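The next part holds the structures, each set out as structure tokens.
The same subunit A turns up in both complexes below, where it pairs with subunit B and then with subunit C.
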Partner chain A sequence: MTEIWHGLTKAIGLIISLDPEVTEIAGRSLMISLTSTLLTSLICLPLGSLIHFKQFPGKRLVISLIQTFFGIPTVAIGLFVFILFSRAGPLGGLNLLFTPAVMVLGQMILITPLLLGLTIAALSGVDKVIPDTARSLGASGFQMTIIVLREARFAVMATVIMGFGRAISEVGIALIVGGNIRGFTRVITTAISLETAKGDLELSLALGIILIFIALIVNILLNRLQPR
Partner chain B sequence: MPLIETVNLCQNSDGRDILKNVSLKVDRGEVFALIGPTGAGKTTLLRLIDLLDLPTSGKIYFDGSDVFESGKRKLEARRRMAFVLQKPVVFNMSVYDNIAYGLKLRRVDKGSIRQKVGRILEMVGLSTYQNRNARTLSGGEVQRVAIARAIVSEPDVLLLDEPTANLDPVSTAKIEQLITDIIRRDDTTIIMATHDMSQGQRLADRVGVLLDGEIRQTGGFQDIFTAPGSREVADFVGVENIIDGVIASNDDKVVTIDIGDNVIAAISDYAVGEKVYACIRPEDVTLALSRISSSARNSFSAKITRVVSRGQLSRIEMDCGFPLVALITKRSTEELNLAATREVYAIFKATGVHVIKRKSD
Partner chain C sequence: MSVVFFLTEEVPVLKKTAVCLSGIFILMSLLLATSGCSSPRAESSSPLPPQLRLRVATTTSLYDSGLWGYLEPMFERKYNVELDIMYAGSGKALEYGRRGDVDIVTIHDQIREEQFIADGYGVRRVPFAYNYFLIVGPSVDPAGIKGLTPEAAFKKLMETGKASFVSRGDDSGTHAKEKDIWAEAGYDYEAVRNAGRWYIEAGTGMGPTLMMASEKQAYTLTDIGTYLTYKGKLALVPVVDKGSLLLNVYSAIALNPEKMPQAKIDMANNLIEFLISPEIQEFIGNYGIEEYGTQLFTPYVGSEPE
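Coming up: the complex of A and B.
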């Protein structure tokens, strides 16, 4: 018990003193996950809108498939991306394995189903008369999509934030395709798993507290977005 | 050249024909009312005219050109129209931004937007609400925002779908006044759907009766009201006395109609033997306590079966060997002491009988 208390106080010390290693790892985590969330949003908001507004055969099946992948294990994606980018893999020539870029890619694959599915759900929540109203006032298909996304803005923002939450807290992909290389691909989650295994509880706890703190901020943002 | 013309529009949904061969012409500056009961296809037709949906078959010409030629043509045509949907919704933004929306879509410059929105806000009486979120408005106010939002872009055609459905009488009066203002101020062409015939009468130049997805009759309100073209139209416009009969004689258009035990005199072109309906509006039936000699060709002894008062008027239901309804003032009812089981004479003129051909089936 004293050991834990000891570790906790030292961890808080590390955060307050802005320990270079802690800030560097946390900063990288934020960078990678923000990048992957931003890029995925740029793809999934338009694509989700397209799926929502277009009528096509097999639409229900597509949506079911998307929802099926909401909870896909991160290690499965890690393994898939690893095979893809390993020396002998189809994209091995790009030499991207164990770089932040491939970690971003892995996280993008991870949160794509979530962002697509929740975007579709967000748009479905908008009154069906809104798209008709927009078009009757002269909106083109694109302008109509924009106003419906705007009407669903709280749900859409919540979608993006949930995507970010899933990206920054995952460990499977970061570990398998990032490799936890110190000063290059080490992020909060991989650092915690390694340092804990090594018995260095102080750093693990410090990073864990930061992760929880990030989760807290994400939650506060989500709550603030609830329309009053 | 009509501004809007539909040719044989058909709409089929889930194997059900919602519209059947609807051909309509509406001229520039005209106020046209589509009247018909709920479910007749009024909304479907308006949605097709506004190019929100594609018809199963048929064509729509806007200002002389076929709108389904290209997507671009469709958007251009739609931008010259504005449609106030039956269930108006406002965007989750200020009243001002709601009204400015259509102008922003058309890339109107900011200065003009401010000027136009300001003018419309005044017209609909919502100037003081311009910065309020439109979601906080009442039903009548939302409808005013919806109309303002539609007319601010100065459309050539304004489509209104049941503009006063679900509104209280005060709000209804305000909306009707607003529509009257629009009609008077601009020469906007208006097509409005309503199930309220009196509203159609108050606002429209011309009326089309839509029943079961078909336009059954178009014309001036008075024409349709006094001379409905079919039994269904007569039923819808509230002609209560519709009696089956056969033309028994025709003496230079003065006909007698055999209705079984009785004969009704009327004016008609139909030849002897033609199966017809004799339609008599309750307002045109006079009641007397004794057989009086008058110029009216039709006089029947009748027994009152029921008296229902509606405001200043009384509805007298009678049995003359056939059922007949008369509408007379409450005062007359009291003076003549009319009540159930009382024997009276029901009198109406031959010219008050409208004769409709029965479909041979």
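Coming up: the complex of A and C.
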């Protein structure tokens, strides 16, 4: 138990003193995961709406497939992206392996099914009367989509927050494709993994607490940005 | 009902979304700026930002002992280059090399190093430091192997089959050494793996393996550098530290540009020259003496093991 207490006091100390290495690692974690969440949202919110509103054969199967990938192990994605971007792999010429860019890409792959699936679920939760009324009042397909998205905004925002949570907390992709290079690709989760391996449990714990702090602040901000 | 207000409200909503998005972008660029400023490298680098990144895959024991933490900034300052250091067991480090994902490897597994060069992936093997492996275990020495040769100690572990042994199990240089010792003791490694619950495969780095052995009060094979670095956290003592089998040589191999045209051979050669230069050899020899009271690594140049 004393370890947990020491971890907590150490975390507070590191935050108050703005420890340069910890600030740098935390900033990088935030940057990479915010970028991946933002980019994925820009793709998946419209795409999820499209799947929800369009009727097409095999729609149920598509949704089932998306939901299946909710639980895909991060190490599996990490390995897949590693093979893709390794020198010997098909995209090796891009020279992206062991860079933050490829970590963003891996996280995007990770949270795409989540954002798609939960966007569809969020839109399904909106009362059917609303799109019907909009249409009867002469709304175009695009306007109707905006209305329904607005109605579902809390669920959609929760989806984005969940995506961010999964992105910033994962370690498998960051470790395999990022390589945990100090000062370049080291993020909070890979630092925790390394410090635990080195036996510095207090620092690991402190970093874990900082990760939760960051998630808290980002959630508060995102909730504030929510219209009404 | 929002539908009714749709026409009047749509514009402010879009505006608000735009404000939110730009807010997030500003936040992110701020973070990028601050994280850049707070990086210790950014402050210490010369006016011309280093263009070149040299990728090194290093064995975990050189990384966990903290040696690279000192060598990295020294080398970066001298050659104005960014060193990207990946830590991995020797097996994985060589795999990074074979795939062309790094420019140079620093490892400790002579047989596989020679194979790597024979296959055309590496230029030459340059040893730069050595030390000895140890068998460590609980101070009560449940299997009674204290003071034996490594082969005899392993034989006794296998015969008694009670005292636990934690193996790296990760295809690292240390794991390769362990297999060598089993072979010298006259056992087939597959038979050892299936010998019973006392043989534990950790599948992880040297540090975590030592921690696990300490938790389980088991024996394990370790390089002396990592053991001394972790000693304060462990309830383990050296039980076998003599025998020619226990020699542990660390070498650097630059990737062969004929096979890997993108490998940065010039800078990799700079790193090799740096490692075997008299001042760095002296630094390696003195590394850790103040903190641990004993030498972690013996410089190779000028004092080659027999």
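Convention: the second predicted complex is superposed on the first by the 201 of 228 C-alpha atoms of A that agree within 3 Å, B and C clash if a C-alpha of one lies under 4 Å from a C-alpha of the other, contacts with A are read in each partner's own complex, and residues count from 1 in each chain.
What we mean here is this: contacts are C-beta pairs under 8 Å (C-beta built on N, C-alpha and C of every residue); 3 or more make two chains touch, one makes a residue touch a chain.
Computed from a prediction, not measured in an experiment: that's the story for all the values here.
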item	value
First, second, both or neither for A:T112, with subunit B first and subunit C second	neither
Touched partner set for A:S49, first subunit B, second subunit C, both or neither	neither
Which of subunit B and subunit C A:I147 touches, first, second, both or neither	both
First, second, both or neither for A:G138, with subunit B first and subunit C second	first
Touched partner set for A:T74, first subunit B, second subunit C, both or neither	neither
Partner chain in contact with A:I130 - subunit B first, subunit C second, else both or neither	both
Subunit B versus subunit C as contact partner of A:S33, first or second or both or neither	neither
Larger contact residue set on subunit A - subunit B or subunit C	C
Overlapping contact positions on subunit A, where the subunit C interface meets the subunit B interface	130, 133-134, 137, 139, 143, 147, 150-151, 227
Footprint of subunit B on subunit A - complex, ascending	127, 129-130, 132-140, 143, 147, 150-151, 227
Residue ranges of subunit A touching subunit C (in the complex, touch as defined)	18, 20-21, 23-24, 27-28, 30-31, 34-35, 38, 86-89, 92, 95, 97-98, 130, 133-134, 137, 139, 143, 146-147, 150-151, 179-184, 196-199, 221, 225, 227
Residue ranges of subunit B touching subunit A (in the complex, touch as defined)	47, 50, 52, 75, 78-79, 81-83, 85, 87-89, 91-92, 101-102, 105-106, 146, 149-150, 153, 159
Residue numbers on subunit C that touch subunit A, as the complex places them	1-3, 6, 10, 13, 16-17, 20, 23-24, 27-28, 31-32, 34-35, 38-41, 55, 64, 72, 82, 84-87, 98-101, 204-205, 207-208, 211, 230, 233, 260, 262
